Structure formats: structure tokens, C-alpha cells
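One chain, chain A, links the two complexes that follow: it is found with chain B in the first and with chain C in the second.
Moving on, here comes the complex of A and B:
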């Protein structure tokens, strides 16, 4: 079994509310993440996904239970910076994450704050930009870039800190389809070539379908945790908690209702087309 | 005819080194009560185009008629045009500003001269039309509502002006699957009650299912204009200009290579499944 890099142990979290009882956003959530895996987290709005993301690098601290990042407890204030350096968080809105007027300065921003030597910063910035395929834009102004390009710059800024875990909180929600593909394929490449661990929170089922593992959240709890094939087999349950399944799975399910059974749960149209051809 | 665009071009920052043509010789007619989808990748000119249709931008050249008002004329009645054509921007909930939902929705119609009972009735109707409970939300701060509800309030603020044509710029962006479905239903309901719709979107599965007609824009030009079935049969051309196609169109293309024909106007899972089942000779032909 691969090394566990992230461990969420019986975590609960609640938000203070002015007039009522505290709002419980997470209830007794537990899971481990193995090094190098790509884990998607899905759930409707208010299911607790974003709260969970913020607990994973110590932006929020659990009210109960604990979160271990590479064995470091997020409650331990002395470890906060080390934890954040190792578990980088990419948010939804690209415009809220870039702070400087030149791309490479933005990527260097975190490193300067860590007190890295200028020569080392140069090397790390170049490597990070290359890793997301944005080296040609090192001197560009962030506001002239597309959404997908901006998100890749935000990712480069985090990569430069050399983290082991990347957490994406709906980082493709504001992008067009091309931007979404750009970002997702850049992240997949990093996960595969640099052995990074990725947690990918999304509303897009076709993105979740590409993960190694899918965690489904509802009402602050984990309700499913399995491979995409096994998760999307449970289409009826997913619909009950206001989630969707990929179109290919929907069609397969409708065919089944009409009495035609495919030999697999087709994730993606290619898989569906092949399964249909096998029927012929 | 509601809106007619003739040979319209728009050039940003003309005469500077940053000069760029955002729209090139666009010709377009939008009809009463139509549901039209506008697709194109980021930077193709979609938003520039729709901002002309209620007079927020003026064309560099060409003419533009909105409900018989020639917008390009100096003395065009802009107030009239904006009461006819409502524009819902991307992430419209970012533009809420009033202390209560009711006051926010009332802002537009009030500026159009409505007052008293007439105003209250129109605000109430708009809030109900977007599927919110008027009594429950009227005195709440818009900022206490969920993201999906805030977006509805913002849309209510535009509907309250009773536009004949409603333009929506990616109304489902950032919503979860249920929020997306609910918002689409709302837009379909508005259309059924006679409001013309022009919707910018990146969700091809959705727009193929709900629109009567699809416009494709690329580099500032309208490059396709037809029914969803016609437009989305051009999978390779659309992909070449950076666009997605509905999942069912992709399936159609994949199956075609294997000698299995799927009609080009099938866009729902149910239709695709029942067609495939018939083709496979199995299934209950109920």
C-alpha cells in the first residue's frame, strides 16, 4: 500500500450563526489519501466540499477530530507554514489569486515570502512555469491572459513552493471548456510525472470521471468513496442528492431501462461507443 | 422582428497599437419569442455582440435596429430600447447592492418611472417568476441568500422591467448540477410565456436541448446559424474553433465511424438510448 500523505480523522466543523444554533458544515468525516493519487470530491452546493478544502491545509481548524498533512497535525500552530507549503490550495476565481503585474513576479511571490535566495527563486519560477506550459508568458501581464492561463499561473505560484499535495476548490468553474481542459490536463500531467497528490473538488461529473477515486459528500458527510466506475453505477442515489452522472452513463442507464444491457458502466462517450459496438 | 443587425463591426481602441476588431460584418435577425443560443470560445466576441443589442456599446460601423429603433442614430430612445431588451450579465449576483431583496428588484422599474402599487405588483411578480417565495424573501438582505438564490434575485431585477427579449450571459456558470437545471427551467418558462431569449453558454448539452436556434461566433464573425441539429452535426468544425459539442453529437460521430447512424437532432439521454435500443433490435418497443 502506498504512503498516506493526507489523513482526515473523524473531523467535524461548524460555522457560528447569529440567531440559531451553529451550522454544522462537516460531520465526522474520515478518509486517507495515498501519495500520487488523483481524488475527486463532488457534492452539491452546501454539501461541505469547500469547508473540507480549507481544513486540508489549516485555513480552517477542525472543531473535532484532526487533519494530518504528511503526518503534521494542522492544529499545531508551529507547523502551519510548513503545512501550507506542502499542501497548496487553488481557488475558483483566477482574478482573486494573482497579485502582481508580471506573471513571473506572481509566481515568485510566495517564494520571496519564504526567504528563498534570488538565484534559487529564478530556477524554481522557471521550472514552475514550464510545468504548467506557461514559460512563454513569463513577462506577460496577468490581466491580458485567458482564465485558463491565469489559473495555470496560480498553479505555478503554488508549484514553486514545491508542495506534495495540490487541492483544487472548483478551480475550473469559471473557465470555458478549453480553459477547463488546459487546467485539468496540466494538473494530470503534474500528478503523473511529479508524483504529486491531487484533490479535485468539482461540479463537473466528466472531470470526476477521470479521477482515480471519487468521494461524494452530502449534508457534511461522506456518503460514497470509490472508483468512478463504482460511483456512477449508483446514478439513482446520486440524483437523489442533487448530483448528476456523465451523459455516457445516463444513456447506458436508459438503455438498460429499455431492456438492453451493456457489458460495462461506460465512463465517457468513447467507452459507450465501444460498448455499443460490442453489442452488434 | 425584434432585433436586426446589419453589417455591424466593432473595433476596440481604434487608432492605437492595441486596436482589435471584436466584431466583423455581423448580420443577424432575432425574432419575437425565439430561444437562441450563442456559442463561441472566450474572446470570440459573444459579450461584445450582446452589449450592442441593448445599446451598451455602439458599433464602429453598420446599423442596428431594436424594436424599430435605429440604435445607431444619435437621438435613439435608449430608455425604450433597454425596457425592451434586458441584459443579465455573467455572475449577475455580484451586482446586487440594496438592503432588501424587494428594494433590489425594484431598482430598475423605479428608474423607469414606476411607483406605488404598480411597482409593488411588478416586483412581486418578478420575484415569483424566478421561483422565490415573495413573502419569505422580500425583507431579507440579498446577501443572506444562497448563491443560486442571489442569481435569481438578480434576474428578477431584470425581468421586473418586463423586457420582450432577455439576453443572458452564461447564466448557469458556477452553479451545481441542480442549480443549473433549475435555472434552465426558469429560462425555458420565461420563453414559454413569450419572452425572446438569447443565451450565451458553454454548456452545449443544455443549449442543444432547449434552443430553437444556435449562433456560432468565431473571431468576431457569425460562422454558423441554424437549428441545434444542423449546427452540432459539424463536430469537427466546431472543435477546430475551440468549441465543445454536446455529448450526444460526439457519440454520433464515434458511432458513425463504426457504421452506426444516429440522427443529428438527438440531444437527450432518453432519445439516444431508445434509438440505440431500436437499432440493436432489442428492448421493449412499448
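Moving on, here comes the complex of A and C:
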């Protein structure tokens, strides 16, 4: 069994509220993530995904339970910067996570905070920009870039810190289909070539379908945790918690209703096409 | 309508003036400002004008751009000129029309102050025209750093300026979007008196402010995620090194200083 890089142990979190009862955003959540895996987290609005993401790099601290990043407890203040360097978090709105007016300066931001030597920063910034295919834009101003390009810069900024875990909180939600594909494929490539562990929070089932493992959240709890094949087989249960299935699964279900039975739950169009070809 | 607002007036280039270390450039401009306000000798203003125009020539900054930089201050220049002319009551009485008296010293003061203000604007414009805003804030931070001993927030100030520079275009874009959306619903920003116009802006400013606060919150999270914890222990990617351009610029200014000391 592969090494566990992230473990969430019986974590609960609630937001304090002035007038009403505290909002319980996470309730007794537990899971482990293995090195090199690509884990998708899905759940409808308010199910606690963003709260979870912020707990994973110590932005929030659990009210109960504990979060271990590479064995380091997020509760330990001495380890905060080491944890954040190792578990990089990319947010939804690319506009609100770029800090400076020149792309390469922005990519350098995290490294400057870590107190890395200037010459090393230079090398790592260039590498990170190349890794996301944005080296031609090193001197550009962020506000002149497209959404997908901005998000790739944000990823480069995290990547430059050389984290082992990347957490994406709906990082493709504000992009057009082109930008979405651009960002996801950049991340997949990184995950495979650099042996990174990726947690991919999303509302797009077609993106979740590409993961090694899918965690489904509802009302602050984990309600399913399995491979995409096993998860999307349970389309009716997903529907009950206001979640969809990938397009390919939808088509297969429609075919089934019309009396055409496929031999598997096709995850992705490729799998669907293959399953259809296997029909006589 | 909002698109013609640009942050700073930087004209990118590779000239010697552009390549002067921003720290040196700021210090030289400070020296220049002090100098034009110290000297009383009229031909020295000519020397400083020649100095600025020479720099503009080297930097390939069009004269038209430099002249345009006075426009926002033209009113103040003209106003102080007239005030000096009318209110100074020293020297020879040159002209009297009804109650208005113009004295010789009045003319001298008026012209001198106008020249100083114009030279001031030229000098500072040359700085912002040939230095990128980021270099400027960066240099300012490094220059002010020694003051952090007396708790002067040099890093925080520079960070605020950087973030402002980064977000002004984003917020303008957003204001433009909201404006268009509200125009489409019949809002009118152009007609009416100043109060009506100001009132029309309220539904523009409210969502803009709400969004700005949300942005600030998210940006703070993103910065913390990237290990931001103030200026302590922070390094910079860019290394500023002095070169012969800086030496040359300083030499020219030492010449100016010599003139200043000899002729006052």
C-alpha cells in the first residue's frame, strides 16, 4: 500500500454565528489520501467542500479531530509554513489570488515569503512557468490574461513552492470549456510527471470522472468514497443529494431505459464508445 | 468611459534613463526637487530644464507627453502665479490700475514659483514615465527599509501599493461591467446636475464595494496559503545592482550640485 500523505481524522468544524446557532460545516469527516493519487471531491453548494479545503493547509484549524499533512499536525503553529508549502491551495477566482502586477513576480511571491535565495527563486519561477506552459507570458500583466491563463499562473505560483499535495477548490468553475480543459490537462500532466497528489474539488461530474477516486460530500459529511465506476453506478442516490452523473453515464442510462444494456458503467466518452462498439 | 484611466504613465523602454537603478532614480529626483526649490538664480532653472529635457531626449520620451503631464496642475500653476502677482507688495511699483498694483518683486516671485512648479512636474513625470510602478514600489520599499528600525511600516506600505496597482484595473473593469449592466436596465449616468449624477453612482458603488471586500478576503486567504507572513524573513527575486549608468547619472548630478553651491 502506498504512503499516506494526508490524513483527516474525525474532523468537525463550525462557523461561529452572532445571532443564530453555529453553522456546523463539517461533521466527523475522516479519510486518508495516498501519495500520487488524484482524488475528486464533489457535493452540492454548502456541503462543506471549501471548508474542508481550508482545513487541509491549516487556514482553518479543526474544532475536533486532527488533520495531518505528511504527518505534520496543522494544529502545530511551528509547522504552519512548512504545511502550507507542502499542501498548496488553488482557489476558484483567479483574479483574487494573484498579488502583483507582473506574472513572474507573482509566481515568485510564495518563494519570497519562504525566504528562498534570489538565484534559486529565479530558477524555480522559470521552471514553474514552463510546467504550466506560460513561460512566454513571464513579463505580462495578469489583468491582460484570459481566465484559464490566470489560473495557470496561480498554479505556477503554488507549484514553484514545490508542494507534494495540490488542492484545487473549484479552480475551473469560472472558466469557459476551453480554459477548463486547459487547466485540468495541465494539472493531470503535473500529477503524473511529478508524482504529485491532487485533491480536485469540482461541480463538474465529467472532471470527477477522470479521478482515481471520488469523495462525495453532503451536509458536512462524507457520504460516499470510492472509484468513479462505483460512485456513478449509484446515479439514483446521487440524484437524491442533488448531484449529477457524467454525460457518458447519463447516455448509458438513457440507452438502458430504451432497452439497450451496456456491459459496464462507462466513465468518459471513450469508455462509452468502446462499450457501444462491444454491442452487436 | 473608464478604459482611458491607466495606472501610472510608464512608457517601457531600454534607454540609459530607463536602466538607472530605481533607487538611485528616486534619490536623484529628490535631490532635483530640493535643488529647484533652493536656488534663486534664474539661469539655474534653465540648467535644470535642460537637464530634464536632456533626460527626456535620451529616454525617447516625446516632448508632447512631458508637456501633457502639466495639464492636471495647470490650474494651480496659473492660480499661484496670479496670487503672487497681485498680493506681493514689495519692490518697485510698476503698474497701478484702479486698486490693482503690480510690484517688481511680485513678478519675480510669480515667475519663479511657476518655473519651480513646472520643473517639479517635469522631473517627477520623468521618474514615473521611465520607471515601472512595480520597480518604483520595490525601490521605495528598499530605500525605506532602514526606517523599519523606528517601526516605519516600509514593507506593508509597499505591499499595499503593489496590491492597489494590481487591483485597480480589475476594479475598473468591474465598475465598467456593473455600469453597463445598469445602463441596460435604464440607469442614466450622464445627464442631470452634479447631485443627480452622484446619486446615479450609488447603485454602482455599493456592489463595487461589496465585491471589493469579498475580493480582499479571498486575496488574504490566498496570500496566507502562499506562506505570506509580513516582511520578516522575506527575500526578493529581483536583485538590484548598480552599474555604470548609475555612476554616470550621479556624476551629472554632482555637476549640478557644484553649480548650485557656487552660484546659489
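By definition in this document, the second predicted complex is superposed on the first by the 280 of 280 C-alpha atoms of A that agree within 3 Å, B and C clash if a C-alpha of one lies under 4 Å from a C-alpha of the other, contacts with A are read in each partner's own complex, and residues count from 1 in each chain.
FYI, a contact is a pair of C-beta atoms (placed from the backbone, for glycine too) under 8 Å apart; a residue touches a chain by one contact, two chains touch by 3 or more.
The model shown is predicted, which means the values in this text are computed figures rather than measured ones.
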Touching partner for A:95 - first (chain B), second (chain C), both, neither: second
First (chain B), second (chain C), both or neither touched by A:121: second
Which of chain B and chain C A:109 touches, first, second, both or neither: second
Contacts of A:6 with chain B and chain C, given as first, second, both or neither: neither
First, second, both or neither for A:155, with chain B first and chain C second: neither
Contacts of A:147 with chain B and chain C, given as first, second, both or neither: first
Touching partner for A:84 - first (chain B), second (chain C), both, neither: second
First, second, both or neither for A:57, with chain B first and chain C second: second
Chain A positions touched by chain B in one structure and by chain C in the second: none
In the complex with chain A, residue positions of chain B that touch it: 41-43, 146-148, 173-179, 202, 205, 242-244, 247-248, 250-251, 254-255, 258, 260, 269-270, 272-274, 276-277, 280, 282-284
Touch list for chain A against partner chain B, complex: 44-46, 92, 146-147, 170, 173-174, 176-179, 203, 205, 242-244, 246-248, 250-255, 257-260, 269-270, 272-273, 276-277, 279-280
For the chain A and chain C complex, residues of the former touching the latter: 54, 57, 59, 81, 84-85, 88-89, 91, 93, 95-102, 104-105, 108-118, 121-122, 125, 141-143, 154, 157-158, 161
Chain C residues within the chain A interface of the complex: 133-134, 162-163, 165-166, 169-170, 173, 215, 218-219, 221-229, 233-239
